[in-house]
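The structures come next, written out as structure tokens.
In the two complexes below, subunit A is the common chain; its partner is subunit B in one and subunit C in the other.
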Partner chain A sequence: MTRPRRSSALTGAAAAAALLLLSGCSSPAPSGGSAEPVEGGTLTYASGDAEPTCLDPHVGGNYPQALVSTQYLESLVSLDEDGKILPWLASDWEQSDDGLTWTFTIRDGVTFTDGTPLDAEAVRANIAHVQDPATLSSTGYLALGKVANAEAVDARTLRLTLSAPDSALLESLSQPWLAIQSPEGIARGMDANCAAPIGTGPFAVEAWDRQSSITLVRNDDYSSPPGDASHEGPAYLERIEWRFLPDSASRYAALQAGEVDVIDNAQPDTIVQAQNADGLQELDAPRPGSSNRLELNSGKPPFDDVRVREAFIRAVNVDDAVQGLFLGTAERSYSPLSSVEPLAYSQPDLFEYDPEAANELLDAAGWTERDSDGYRVKDGERLTLRLPVSTNQSIPAEQSLFEQLQAGAKDAGFEVVLDPLDLSSWYGALGENDYNLVSAPYTKVGPDVLRILYESSGTTPAPSGYFANHAQVRDPALDDLLIRASQVSDPDERAALYEDAQRMVLEGFYILPLYDQQNTYLLRDDVQGLRALPTVSAPTLYDTWLDR
Partner chain B sequence: MSDLEVSARLARSGVERRRARGGPGGGRAARRLPGAGESAAALVLLFLIASALVPQVVAPVDPLAISPLEAFRPPSAAHPFGTDESGRDIFSRVVHGTGPSLLLGIAATLIGLAGGVVLGTAAGMLGRVVDFGVNRLLEVLFAFPGLLLALFFIVIFGPGIVTATIAVGVSTAPGYARIIRGQLLTVRRSAYVEAATVLGRGRWRVLVRHILPNTLAPLFVLGTLGVGQAIVWAASLSYLGLGAVPPAAEWGAMLAAGRTYISTAWWLTFFPGLFIVLTATATTVLGRRLQQRVREQG
Partner chain C sequence: MSGVGAPDRGSAAAAAPGPAPAGGRGRGPGDAGRIGAAARWWASRVAGAAFVLWAVATLTFFAIRLIPGDPAEAILGGPGSQASDEALAAVRAEYGLDQPIAVQYVRQLGRLAVGDLGTSYSLREDVAALLGAQLPGTLLLAVLALAVAWLLALALATWSTRGGRVSAAVGSGLEVIAAALPHFWIAIVLILVFSTGLGWFPPISTPGVAGLVLPVVTLAIPLAGFLGQVMRESLLDALEAPFTVSARARGESEAGVRQVHVLRHAALPAVSLSGWAFGFLVSGAVVVETIFARPGLGRTLLNAVTLRDIPLVLGVVLVVAAAYIVVTLLTDAAQRLLDPRTRAA
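This part shows the complex of A and B:
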């Protein structure tokens, strides 16, 4: 996933000396070339994602929170590059034969940055916090759906009792939305904890200047890196300046000018430009979970008719749009799952652009007349589709993609109304069922995301008010497949069940897969050791150091 | 605002100068022929009006027709202004965007003028108490930058081209009101109004026959100048995503969409920007010329 650096770092002593002279930097020159990490310094990170409204990822639970909280919070387990579960704050675990009882051993000798020791009771308090409706959790809450009881057996032993076997439990627990925080911090109440959550991570939140930046400082007592980290002990960086720069052109300009060291959410044209520029590196780490897709709201007309859903999908030319707008930086997807999910199943023939078929399907569905604007009409009603677009989450290329789909759909007689909204109005439109189409990427480790997105119960809102089944699929046969898949322990059986489930979602025309959830970071050449954590591909700056 | 205030001062000083010369239509009224700048401005306006009225003749290509595989083409013979991120012809989009942009500018200016006339006349004619009230209200409104007022308005009534028009109109009204009030006060004290009053003409008659005509002539000039400004403001609102909604070809919205690609595809932003500048400049140049004519004719 990680592209090799294109240009080698400065190795010559003369060059290093020149750099020192130029930058007036006081840190010691790298003695043996770039291999020797340098301590200290401040790294400036510019995020193009929305600024979180709460820095505690238990609350709500979205990707902007995951990006920053990965620097100061840690989870019970992690993943390595091959998707294997790694111990983290839990050093060991086992499950009972019936899969209903899980016993975790909590890592010894770890303390939160407020001095509270990490023990089984602290983890129990975190699970209770996520499950408490007052926390308004959605992502973490849904991931813990089967955890019926959590109990601290002794200081180091935590026992989880499940209501049904959960083959995705460890994958769920690896996510930043279920990271472990100091129980003392949680007890301060939501406002204080949102402003500065307290974790065991390599950095701690020092200040949050809203609408501008978050200042993170090194945790000098840090002792709990995951097994795949490349060093031990405290982080190299002294501070991180985590800035919010929503405009992609200014973000890239700031990176070029050296005002910032790392940017996320690099746009396709920027990525292409950076590939031809000197002094920049690229880190490409697509997110796991769902692909970027349009969900077709089957819960209300006109998409309650499968023929209309198929007609829409056949009427739009996604291939050309992805090619033209993403300039080769994103692959077209034909699957409900991200391509980084090993169990992703694709079926391209269902999504072939076929305007004639679209017209025939609409005629068959009774949308035979057209009004003066060329839109189809049935019983005096226009064939209108509302598509609320979150301008915080949809990158400009994606918004342009929607405009292209709008134009294609118009030829078939659909009126697609694009509604650019800020994040809270967008959540509002979804909550009021005021949409026919929506793009709501969902990041979760493992194929169990399918259960969250397409099982009937996903139409019931989580405590935050968010529901994940935006396609409003209510199919008992699919529910059965997804529930069985989440309970079996045999990997082959699990794979087969998930394949059937994905086929059912695709053949029901509930979604129009577009492309993978992109996650491209651009960094200056002197930033070393940045990697994306293989769980949800959020960056971790623990191993990062500045070669200057 | 500053533009309007300068114009107001000019308009007023014209009146004062006329008075100093002892009456209307005096002096050096040797009519000047239109200069190169004015001719160019007139040509630009003619082109804009043609684009607004018959866009399909000026640019036959459908401004909404996408062609994804021809995205980001630089200007060429086939696409004189290049293509945008969806392969749409930018020349065609700019031309088709003229109508909405001009209409928006003119409608917003009319709304602003209407509001200004009502407030200004009330302040200038209805006595001290009303004058005091209106003036304090205007001062409060002036405390906010005009664009901020427009933003308030849009936050309350929701984005869209109609609300954007009203928002720009409403937020320009205080400026016009103040100018009209000043103008009214000057005219009211002029010799001919005094004469009419002395001759026993009714209050309304004096207002309608003598005061308003002499107040509104400079106002027409201000309106012409205001259209350019209103277009710029409306484009700003669309740029912020608060005006036209996609896929409408509106200049501000085009600027906003192209901004992302400004370092790789300059033509996405350059041409809509050029048209905004040309429109604002052309209306201002002609507005000034009109102003001069009014002053010279008296």
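This part shows the complex of A and C:
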């Protein structure tokens, strides 16, 4: 089985050849050898993610919205596979020397699917929409944090004025949460726009049958593919049936039965089954932003002592657990950033399993006694670590991983208390600072995610009690690095600053990196030309065609 | 069931003028008293139903507000998104979540009292309309599952009481196992065998009859186990009851004895169990609708609880409670039809 990573689109011939070789059976050769894409047909996509509560990704802003909205909405810029910015709805841009003024040229000749033309004023209206508190935007709102003013200078020219230089601005604008919608559509009000946002994308929302499916139809006037797409003009597929199949086993069964053509959120056991099955392909597209990692709450005992943090990290054998539970489908990470981030920095030697060192560190930190259960005790307090687990975000394999780490930590004298919680309760536990360890992946394009996750201001809770700096890192030197990196315009200088910042996070033992945010799609082998858009690794069905 | 059922049957019996002869309804001098008694019976039923609905709404409201988690955060914060202060404040104001919980409760109850189920937090749609769209699917599933469970249980109970010791042991063993099987396990096994293996039925809900088969059977199997146990027990009792002996003595055929006399008795406890079965089916629907990706009340409830979507949770719970009350009334009525004794005493 071929394992394209991230966006390498499977060309029909190569895939068919590989499948034939692997299957070794004498079934008639799939006509996938024909390089000519076939027009038409309906593709059924089955998502295991939550059904969005609103199809407009300006509202809220989460991954399930990004998955589907990538089919009907487009952003000002995109990324190629190497993380280089590509023009999209903005054909060109320029920043002033002080980095405070950005001038974008808006692509000519593009219309929204309601017939409204795309112009600078439409883009301005979108930025205003995201920044309006009534829109209830969270992800997009944060990404535009430094945009003080947006102005349509003329029909094709948009000027953004920033409150401080923002080296992450283009990466932020590439995200689906800041996609551009028809201002006429937005003007219909939140309820109507949530039900069927209007964009410039290759497909348009036709109907949303709640708790069941979204029907998308081809935009026959489509004219604005990003530069790395493999064709121009309208999409090949006529329709997409976007279904919600929350159960992993029935989702895979539906793929095998041919009821659906593509599934997302494939779990490790399913991926292995698919690798051994005929007629299925795999697309592995880790999400950008942070890696999946355990964050060690340095804001309160016992992890306010760096020796105890290091002891925990040395005490647990992550490699064996990942290998055993993810069945070879996940690669161990040693970085705060996803492996798809070009600036990700790894330092594996800091995370070597060393139980002896763990015991010495705990002894040195004063946790010398053990109680009758074998847990370490200091001043009558047991060495207890509370780990709230979000059952919405941690897949079953990850929950089992935590159980294995719990067993390993016990040998060193840590009592790890696992607390499986639903999403709301989990947010509640974080807000009340009632945790010592937590796994909270964060998807964002570019290394600026480090500022959100590790800068001191991220420890100040919002009124909801929520904050992103779960490791509660408060280090002025790190703050300085992250802020400078977010403002510097020279790419080499930026890379060097982010490397220093990542080294500080790793050497401070604030996090235990586990693996990338897993994001694997499985598809039937008559599905050709599917790729993940290199921004947030959501699938794009624009180049996709059905070979049947 | 208990809140509506037990006490008023006693009062109805007390008001009845003497032991009415079986089958003697609607004739003779007891009519006026009996109509009054029936009116009181119905009045107390309606009052009981209203009380149950209020209690259900109150318990649900506080249960969902007292578990940790901020509905405003849940409305905005899917995995990986971080709500801004402004967005949270706006959501709290929009949904009245900034008020004290007592105020929220009274407001919510006031709206419910006039039949306004409100607007869903998470789906931004009218709750009544959402329920109207989701109810038929779940109802269809529950009714079909109940029917299939009845057929399975009857077949198994009749077969296992007719044969010898071995078939009795096998029958009761099957019932115990079936009753103990969790829905998610049955669903996965059925999918693996009949969908992935044999390719007879789709593994997920599709329009038409084929898509209904696996979900219905999944729900029916454990229920058939429960019903079968109860049926076989009463079947065995009835087979040895004096009226059976006398029917046999009159020379009636074995089939006649079973069909005319015994089955009617054996069905009684299973009928009254069907009220409970409805609740069992709705809770099973949460699992079955999720696994088979069927739209319905169960899946709606699961999503609504996860998102702390109070109006939607209350709406689903009230609809289920109301349906439960209606089903209980119907089973009571069915019982009165099947068993003349319950009409008198």
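Going forward, the second predicted complex is superposed on the first by the 486 of 548 C-alpha atoms of A that agree within 3 Å, B and C clash if a C-alpha of one lies under 4 Å from a C-alpha of the other, contacts with A are read in each partner's own complex, and residues count from 1 in each chain.
One rule holds in what follows: contacts are C-beta pairs under 8 Å (C-beta built on N, C-alpha and C of every residue); 3 or more make two chains touch, one makes a residue touch a chain.
The structure displayed is predicted, hence computed values, not measured ones.
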Practice prompt. Please name the chain, subunit B or subunit C, that touches the greater number of residues in subunit A.
Written response: C
Discussion item. So in the superposed three-chain picture, is A:Ser291 touching just subunit B, just subunit C, both, or none of them (first/second/both/neither)?
Written reply: neither
Worksheet item: Can A:Ser212 be said to touch subunit B (first), subunit C (second), both, or neither?
Response: second
Worksheet item: Between subunit B (first) and subunit C (second), which, if any, makes contact with A:Ala249: first, second, both or neither?
Response: both
Discussion item. Between subunit B and subunit C, whom does A:Ser425 touch in the aligned arrangement: first, second, both, or neither?
Written reply: second
Worksheet item: When the two structures are overlaid on chain A, which partner does A:Ser182 contact: first (subunit B), second (subunit C), both, or neither?
Response: neither
Worksheet item: What residues on subunit A does subunit C touch that subunit B touches too?
Response: 247, 249, 253
Item to complete: Mind listing the subunit A positions that touch subunit C in their complex?
Response: 46, 50-54, 60-65, 133-139, 141-142, 190-191, 194, 209-212, 243-247, 249-251, 253-254, 256-257, 259-260, 390, 392-393, 421-429, 431-432, 441-443, 452, 462-466, 468
Fill in: Contacting residues of subunit A [partner subunit B, same complex]
247-249, 252-253, 267, 269, 272-273, 317, 320-321, 323-325, 391, 396-397, 399-400, 402-404, 406-408, 418-420
Worksheet, complete the sentence: subunit B contacts subunit A in the complex at 64-66, 68-72, 85-87, 241, 245-247, 257, 259-265
Worksheet item: Of all residues in subunit C, which touch subunit A in the complex?
Response: 67-91, 122-125, 130, 133-134, 187-188, 191-192, 195-196, 199, 202-204, 206, 290-293, 295-296, 299-300, 303, 305-308
